[in-house]
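In order of appearance the chains are A, B, C and D, and numbering begins at 1 in each one.
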Amino acid sequence: MNFEISKDPIDIQSVIDKVVQREAGAITTFIGTVRELTHGKKTLYLIYEAYESMAVKKLEQIGTEIKERWNGAEVAITHRTGKLDITDVAVVIAVSTPHRADAYEANRYAIERIKEIVPIWKKEHWEDGEEWIGNQLETVAYPKGKPEAKDLHE
Amino acid sequence: MNKIMFFAHLRDRVGEESLTKDFSGKTISELKQMLEENYGLKLDSVMAAVNEEFASDDEVIQAGDTIAFIPPVSGG
Amino acid sequence: MNFEISKDPIDIQSVIDKVVQREAGAITTFIGTVRELTHGKKTLYLIYEAYESMAVKKLEQIGTEIKERWNGAEVAITHRTGKLDITDVAVVIAVSTPHRADAYEANRYAIERIKEIVPIWKKEHWEDGEEWIGNQLETVAYPKGKPEAKDLHE
Amino acid sequence: MNKIMFFAHLRDRVGEESLTKDFSGKTISELKQMLEENYGLKLDSVMAAVNEEFASDDEVIQAGDTIAFIPPVSGG
């Protein structure tokens, strides 16, 4: 299972282990962590909620897209849900490829796609309130208001 | 029957994770309008998913379909 | 000690731990692994040799360069020496930054600089021979024959 | 005295990790030429480092300097 939603803390090494291959010269990982300050505002903690079954499918779709675009790539992604404190790991993306340029590009592609099409939401908790983050604040998910036509079906 | 699922701020607003009711034959667009009227939701920047795939507003709901309303995502 | 040469297998998590910071929203890692096939030729194993004291200094220099270019970046790099088998980890680069684009770019910069200025060499062992790898084969270290003027001093 | 260090294929060719001898007052260029003549080394694409910093061919060696010959690197 290379694509997972996890209620428990993510073991980074175990995500990396899923993409180890004899043909790979490079593995990149992206580790999304909870940052304390966003636009000068202090976050206390976050809650991540997922539409879990669909989120797994959409992570798998991203994996398929990457394998089509980057030859020989292997991909694993785990996204956390529940309450996360500052510096906690929200998501780990591991990509292995024969050559390093592809490992960086494909990994970057994965995080951008997660922010477009994977049904996961975060609720920020500050000292003076809380809010579900959508396109009204720092993120513009669905850059054109909604997922584009290409996102509707695999 | 159909299962209608809500997430994030929509779940808070509706006060339920899901509703079960028959909407077969209606379009997503019609369902959105009903929910906006009954729950005061704002759904214009909210995508629908039918059976875990994004669906357009003119898709017609079939018996047994699970419909989810997906606000702009903020994972990662 | 964020910059190390290690004779022992690298613990990836411990390299990542060095760059965790409350201001970071993103950590990228690059993990260089020993690939079996290069240009269709089968590698059995590699030997990495380092001018260790200078290599540590040059890794530190790369860290300094990154912190100058990418605001708020933290960097840790460990490079392995000795005999490595296929899929073994040769190098781990971890970079944390407030925003993700920087974490990818700064990490990529680190591996390119390692291949230019850090005194580490690999000897490839194939079924039919062995060779120290320099610019005569797959790598062009010193793209202009030698490190450029900017590489000579910090 | 000076310590002269060799790495990778240069070490294999010289058969020693290092030599100790006084080269003070000579340039890196002159040292390279001597080593090419005495050990049959090819040093044109090899950088020198003096006290762990890359040095140009016209740098003059001081007493106590450690000189290392750095073939094109292949780490990473």
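FYI, a contact is a pair of C-beta atoms (placed from the backbone, for glycine too) under 8 Å apart; a residue touches a chain by one contact, two chains touch by 3 or more.
Here is each chain with its UniProt name: A, C = Molybdopterin synthase catalytic subunit; B, D = Molybdopterin synthase sulfur carrier subunit.
Everything numeric here is computed off the predicted structure, so don't read it as measured data.
Q: Distance-wise, how many Å sit between the C-alpha centres of subunit C and subunit D, to the nearest whole number?
A: Their C-alpha centroids are separated by 24 Å.
Q: Where the centres are mean C-alpha positions, what is the separation of subunit B from subunit C, in Å?
A: 49
Q: Would you pick out the residues of subunit C that each touch at least 2 other chains?
A: 32, 111
Q: Can you tell me which residues of subunit D touch two or more of the remaining chains?
A: Residues of subunit D never touch two or more of the other chains.
Q: How are the chains arranged in terms of who touches whom: line, ring, star, complete or other?
A: The chain contacts form an open line.
Q: Can you work out from the touch definition every pair of chains that touches here?
A: A-B, A-C, C-D
Q: For the complex, which residues does subunit A have touching subunit B?
A: 32, 48-51, 53-55, 57, 79, 90-91, 111, 114-123, 132-135, 139-142, 145-147, 151-153
Q: For the complex, give me every residue of subunit B touching subunit A.
A: The touching residues are 5, 7-9, 11-12, 45, 47, 49, 52-56, 68, 70-76.
Q: Tell me, which parts of subunit A touch subunit C in their complex?
A: Counting only subunit A, the residues touching subunit C are 12-13, 16, 20-37, 86-87, 96, 98, 100, 103-104, 107-108, 111.
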